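What follows is a set of structures for review.
In what comes next, chain A is part of two complexes: it sits with chain B in the first one and with chain C in the second one.
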Partner chain A sequence: MLNLTPLILLFPLIGFVLLGLFGKRLPKALISLIGCGVVLLAFACAVADFVSMLGVSGAAQSSNITIFNWVTSGGLTIDFTLLSDPLSAVMLLIVTGVGFLIHVYSIGYMADDDGYWRFFSFLNLFIFAMTLLVAAGNFLFLLVGWAGVGLASFLLIGYWYTRPSAVAAARKAFVVNVIGDFGLMLAIFLLFKTFGTLNYSELLYNSQRWCPRGLECSFDQAARLAGFAGQSTMLAIALLLLVAAVAKSAQLPLHVWLPDAMEGPTPVSALIHAATMVTAGVYLVARAHSIFQAAPASLAVVAVIGGASALFAATIACVQTDIKRVLAYSTMSQLAYMFMGEAAGGFSGGIFHLTTHAYFKALLFMAAGAVIHALAGEQDMRKMGGLRHKLPLTFWCFVVGGLALAAVFPFDGFWSKDTILSSVLERATTSGDFGWYVLYAAGILTAALTGFYTFRLIFAVFLGEYRGPEIVPHGAEHAASAPASRPNGRNAARRDPLARVREVGAAMAVPMLILAALSIIGGFYDTPIKPWLNEFLVPSTGPAVELPNGSGLFWFSIVLSLAAALLGIGIAWARYGSRQPRFAPSRNPFVILLEHRYYVDDLYDRAIVRPIVALGRWLRRDVEGVALDGGTRGVGGLIGGASKGLRALQTGYVRNYALAIFTGAVLIVLYYVIRP
Partner chain B sequence: MNQFPILSVILFLPLLGAVGAALLPRMAGWGWSLLVTLADLAFCLALIGQFSTTTPGYQFTENRAWLPGVGVTYALGVDGVNLFLLALNALLTVVAIGASWNVARNGDRSREYFVLLLLLSTGMMGVFLATNLLLFYVFWELMLVPAYLLVGMFGGPRRAYAAIKFVLYTAVGSLLMLVGIIALGAIVSDTSHTAFTLDLPALLAHGAASLPRETQIWLFLAFFAAFAVKVGLFPLHSWVPDAYSEAPAPVVVLIAGVMAKTGAYGFVRFNLGVFPTASRDLATLMGILSVIGILYFALQALVAQDFKRLLAYVSISHMSVIVLGIFALNTQGVEGGILQMVNHGILIAALFLIAAYIEARTGSRRLADFGGMAKRTPWLAAVFMIITLATLGLPGLNSFAGEFLAFLGAFRASVVFGVLGTLVVIPAAWYMLRFFQGVMENPESGTVATATDIPRGRRGGAKLSDLRWGEFGVLLPLLVLTIVLGIVPGLLTARMESTVQHMLPAITASHTAPVLPNTTTVQR
Partner chain C sequence: MPVPVSAYLTVSAILFTIGTLGVIVRRNPLVMFMSIELMLNAVNLSFMAFAHFLNSVDGWMFIFLVLTVAAAEVVVGLAIIVSIFRSRHSINVDELNTLKG
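The block that comes next holds the complex of A and B.
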């Protein structure tokens, strides 16, 4: 079997280094060529790997490549190992494939930006780090990739570094993600302390090492791990991994960075904060499924976080007016679906939704970027409307993406969301546990909300009358802060405010069309009739839950979720589509609560950030200043005062003190020599 | 003994440089110093090349009688603990001399300056190399004197206060250590009925490491006093922010980059090596002090307003991580500690140089005065970014490897210390980004916006120019090592392995560890 994984990592790395060092002096065409070319090469390698993997079966699909020894210290041996298996193959296809399309889109979107080379170099860095994250063969290099994508995200959120809001958002994203890194590091420490290794091949897959000596060995890796380490240790490891997953995938309670991350350029939001990086948490849970299964309580925690985050984000999305923030909360909500599926035991179902979400959410962000680009940086849907005629291509892409997001048959989101919801329902009926029914209800309610906020967005932007000021095109959002040149007052007065709005060029249109096509057909590789992806992933994510395909329960779930989505779309039509929408401030306390995002940001600021800073200041003044420094002065003063008679010795020259010390030392030595 | 005395050459080359610097004209003195220290670095690299990874004990030893009656010999040796510290000292001396070009050009007392800098380097080399305790002490004092003078003569406006404070703290610590050294020699000679000696291998052969527990604890504490002050361990750190913020950058490169390591080195060499029982029994105390220091200093860095003081706290917070690793008393912890000594030296040197470059361009080091500098100094910003990321422990860069091992070691020894120590990664990201973003990003403001108006020469500021070639050249080796040692830290740990593995059983042997049910795969 072919294994080109090292090349998949190497190409984007080369792109990053080349553009980072020399990009400033290169012409734009060459920058685009290098930036996109390296990702295309990586994608080609990923396809080749994937195709060759289809030719073999079972254990032969997984192979490790060890590149070098990172560190050896006592019993700890960490190699730079890359694992090629069905899960990493699927993830690499998504990362490099969707990544390539977004690189191409960026050629158009960032065309007028001064830091063109910097942008592409950071994007390449991101692709490198993300491929490392999904291809790593042990937890340490997972952490390296994990932090690397966090870094790329930080650099790209703060890409327009002279904007205070972008700088603050970048820092917030970084620090919150470091909380996740902290969890992952502790998980690694505990794994090493317990098992003495960090390799996936030993920890996660079918390793006889953990079998009790002389006893019958369980067939199930999770049971072996639990038997070896005990339930409580496994629970601790799983929960620490979950801290990392929750931070990276913007789930409660560490979601606060994602909406602010929309300060970055829109291609970044599409690539990092929708299609790939934020799904790393979902990937981690699927990858480490044996660990989670070894402590079933951890999956219950995943379920609670997933259900709560889904509803939490979907409700906030309903009142946002910034089109990118609507999509950001929608991303959080959709990621929560993936966690719900995983919690119910459908790890491959979570990955399936990850892939379909990558298509339609990247598409939606690209289409949103096209709108922002056309409106010279405007992101507020209250100042939009009626753009359907000016931006027909964008409109239809938005509709396709929106239908997929709302999970309407037969778009790809329908298939994957249905897989998740039916696995939750299956879990509920087989276990009879009330909690799973609640989770299922949360999933259905979120489906209705999703339909509502998605089409509220589409209707408000594309239907009705245009509500904003005249558009003076000057590229994308990055120039928004620059003073726009005023058009000639007299002539402008009667002009169509959208006269100069243009549909996107080919560099942006082609990737959008490809993703639109994928959003339509992308679900067909895993349908209830032929769950192909599910079967392909079995070696990586374990046997999936038996879905109630074809039964009455199955049809019930499909009809219910579809009805919920259509209900949501219908309400959106009634309020925003059939008439000119109004965005008057609401006095409904629940709406105010939503507009303040449940006050979570304020709570963190008051309960965590400010107390820490206040503590630091208090310590500086009273401990550092008075107790320690003052103590020193006190002792110094005491000595000074007591030795007035010895003033002659206090020359103030440090060298004299040193000489005295040295003389003293010699005297003491002499004493010991002369001593009998 | 007929082999080439490479350790003596490494030790005395800087001294030779000092002699030349005293005699030659200013600029020639600078060039000469640079040349000599580069040669010194080359010898250190050759030493690393020749070093045997399988020998646990001292290699390339030199031993000559000096004052036989007092038990003092001229004895040098290198093993897995000090090998890379020699190279670090040589490298940072080169960097410090290279960065002192302005001092040579402007001339004021530049001869004294270079002589002292090179004497300081020799002193630190001797501290790392000496295997006789009194020789160690001689170099220890030899290192302190030039350091006081450099801070006191060439520092900022509050240099006198900073230097006196430095003297007060270090002198008390050193004297206690001297008492400890002599007491150790006397006690060992009494109990083993052998001649009085202060040679470390001889002392160990005479059973120095198996003294009664009480004695060990007193001696441990005597050595602790000197080393903890040097490291800047809580609560003995009060001299650090003053000294680091007043001293000129090249001096801080040596004081924070290398001299602080002599304390951490002393902990490994003497406290762990000679007082194993006390080390084991006091490990909890050391852990508590380290963890308090790690978090308390991080908090101080978070609220610091002057960025040199911020860096001083960053430095001691990270030094506390090293001590935490060392007193985890397992292979990962100790190797992580030593590895981190090297990484910390590289990064703190780069940070103080960058801070000096920023101050030279704007005349200020108050964070509130800054904003948006990256637009006008993109390369400085890029280098600063990489060093910032390494300092906050980004996986893939050098500091991560050392911290990872140190925290892992600490975690294995005590979950509480491991968790609390590792927690520092969160404030670390916060304070480093506060520094980097506060200076480089946001709209142009404060001194950055007005920097071009400062006439050349006044307030130490020229016009706000990007990184110059000379400045970049000084940072380049640090930058390269930051990246390389992040990718292959194993290059260093492989050479520590056998020494550390050999040292630890003495500590853990008497340790009756509770046998956990799960430790079927026992690791060191």
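The block that comes next holds the complex of A and C.
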């Protein structure tokens, strides 16, 4: 079997180094070629890997490549190992494939930006770190990739570093992500202390090492791990891994960075904060499913976090007016779906939703970026409307993405969301536990809310009358202010404020069309009739938990989720589509609560940020300033004062020194003379 | 009447004290050098006296050593004085106090 995983990592790294070192002096065309070319090469390798993996079956699909030995210290041996298996193959395809489309889109979106080379080198760095994250064969290199994508995300959110809000958002994202990194690091320490190894192949997949000596060995890896280490240790490891997953995937209570991360350029939002990086947490839970299953209580925690985050984010998305923030909250809500599916045991379902979500959410962000680009940076849906005629391509792409996000048949989101809800309901009926029914109800309610906020966004942006000011495109500002063109520009403005709005160019349109096509057909590789992806992922994620095909509950779940989505769309039509939408400030206390995002940011600000800042100020002023600086200055002053007296001896006159020597000699002689 | 050893030592002590005072009070480095020569020769005198009265050649050996060292010292010292004079146009030792603390 082919294994080109090292090349998949190498190409983006080459691109990053080349562009980072020499990009400033290269022409734009060459930067685009290098930036996109390396990702295309990586994608080609990922496809080749994937296709060759289809040719073999079972255990032969997984192979480790050890590139070099990194650390050997006592019992600890860390190799730079890349694991190639169905899960990493699927993830690599998504990361490099969607990543490539977004690179191409960026050629159009960032065309006028001064830091073009910087942007592409950062994007390539991100692709490298993300491919390392999903291809790593042990937990330590997972951590390297994990921190690497955090760094790339920080650099790209703060890409427009002259904007204070972008810098603040980048810092916030980095700090919250580091909390997750810390959790992952502690989990790694605990894993090493317990098992003495960090390799996936030994920890996560059928390994005889952890069988109790002399006793019959259970077939299930999770049971082996639990038997070897004990329930409570496994629970601690799983919860620490969950801290990392929750921080990266922006779930409660560490979600606060994702909406702010929309300060970055829109391609970054599409690539990092929708399609790939934020799914790392979902990937981690699926990858380490043996550890989570070894401590079932941790899966209950995953379920609670998933259900709460899904509802929390979906409700907030209903009142946001910044189109990118609506999409950011919907991302959080969809990631919560993935966690719900994984909590119920449907790990492959979570990964399935990850792939379909990557298509339609990248598409939605690209379309949102096209709107923002056309309106010269406007992101507030209150100042939009009626763009359907000006941006027909963007409109239809948005509708396709919206239908997929709302999970309407037969778009891809329908299949994957249905798989997840089916897992949850199956779990509810087999266990009979009331909590799973609540989780299922949260999922259905979120489906309705998703339909509502998605189509509220589409109707408010594309239907009705235009509500904003005249649009002066980027680059045309100078022309407009030139005296010769002024009368023309003004007359045109009076006639139509959207006169200068143009549909996107080919570089942005082609990736959108490809993703729109994927959003329509992308669900068909895992339907209840032929759950192909599910079967493909079994070696990596274990068998799925799903409702039996064709049963009454199976149809009930499908109809219920579809009805919920259509109900949400209907309400959105009634309030925003059929008439001119109104965005008057509401006095409804629940809406105010939502507009303040449940006051979570304010709570964190009051409870954590401000005390820490106050502590820092106090440390700087009183500890650093008074105690430490004072102490240092005191020692210096003491020595200075003492030397001031002694300095008088050092006159610089030879005769004084001679006299001192002479006196000393005389004293020595006197000592010997008068000594008894 | 043989001259007692204490007479030699007294002369030596007087010469040494004169030399020391010269080094301490004079400002001209040339005179200070002459004073140092005086101190060295005072020591030589006491060496000679002891060598004579103890019937030993050790003292003579030391006198030769001291004479050689004194010659070398004068050579080096004069060279330093010349170079100081070239750079500062003065050899008044009271002005050479840049090492003052």
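In this section, the second predicted complex is superposed on the first by the 596 of 676 C-alpha atoms of A that agree within 3 Å, B and C clash if a C-alpha of one lies under 4 Å from a C-alpha of the other, contacts with A are read in each partner's own complex, and residues count from 1 in each chain.
Here, a residue touches a chain if its C-beta (ideal position, glycine included) is under 8 Å from a C-beta of that chain, and two chains touch if they have at least 3 such contacts.
What you are looking at is a predicted structure, and each value in this text was computed from that prediction instead of being measured.
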*Please indicate which partner A:Ala147 is in contact with in the superposed arrangement: first for chain B, second for chain C, both, or neither.*
first
_Quick check for you: in the superposed arrangement, does A:Ile592 touch first (chain B), second (chain C), both or neither?_
neither
*Is A:Ala499 in contact with chain B, with chain C, with both, or with neither (first, second, both, neither)?*
neither
_Greater chain A contact set [chain C / chain B]_ = B
*Could you look at A:Arg171 and tell me whether it touches chain B, chain C, both or neither (first, second, both, neither)?*
first
*Based on the superposed arrangement, let me know which partner A:Leu186 touches: chain B (first), chain C (second), both, or neither?*
first
*Classify the contacts of A:Leu615 with the two partner chains as first (chain B alone), second (chain C alone), both, or neither.*
first
*Between chain B (first) and chain C (second), which does A:Gly230 come into contact with in this model arrangement: first, second, both, or neither?*
first
*asked:* Counting contacts the way the document defines them, which residues of chain A are shared by the two interfaces, the one with chain B and the one with chain C?
replied: 654-655, 658, 662
*State the interface residues of chain A toward chain C in the complex, per the touch definition above.*
646-655, 658-659, 662
*Which bits of chain B are touching chain A when the two form their complex?*
69-70, 72, 134, 137, 141, 144-145, 148-149, 152, 163-165, 167-169, 171, 174-175, 178-179, 182, 185-186, 196, 235, 237-239, 296, 299-300, 302-304, 330-332, 335-336, 372, 374-375, 389, 392, 394-396, 401, 404-405, 407-408, 411-412, 418-419, 422-423, 425-427, 429-430, 433-434, 437, 440-444, 487-490, 493-494, 497, 501, 518, 521-524
*Could you pull out which chain A residues touch chain B in their complex?*
68-76, 140, 143-144, 146-148, 151, 158, 161-164, 167, 170-171, 174-175, 178-179, 181-182, 185-186, 188-190, 192-197, 228-230, 233, 612-613, 615-617, 619-620, 624, 628-629, 631-632, 635-636, 654-655, 657-658, 661-662, 664-665, 668-669, 672-673
*Contacting residues of chain C [partner chain A, same complex]*: 20, 23-25, 32, 93-94, 96-101
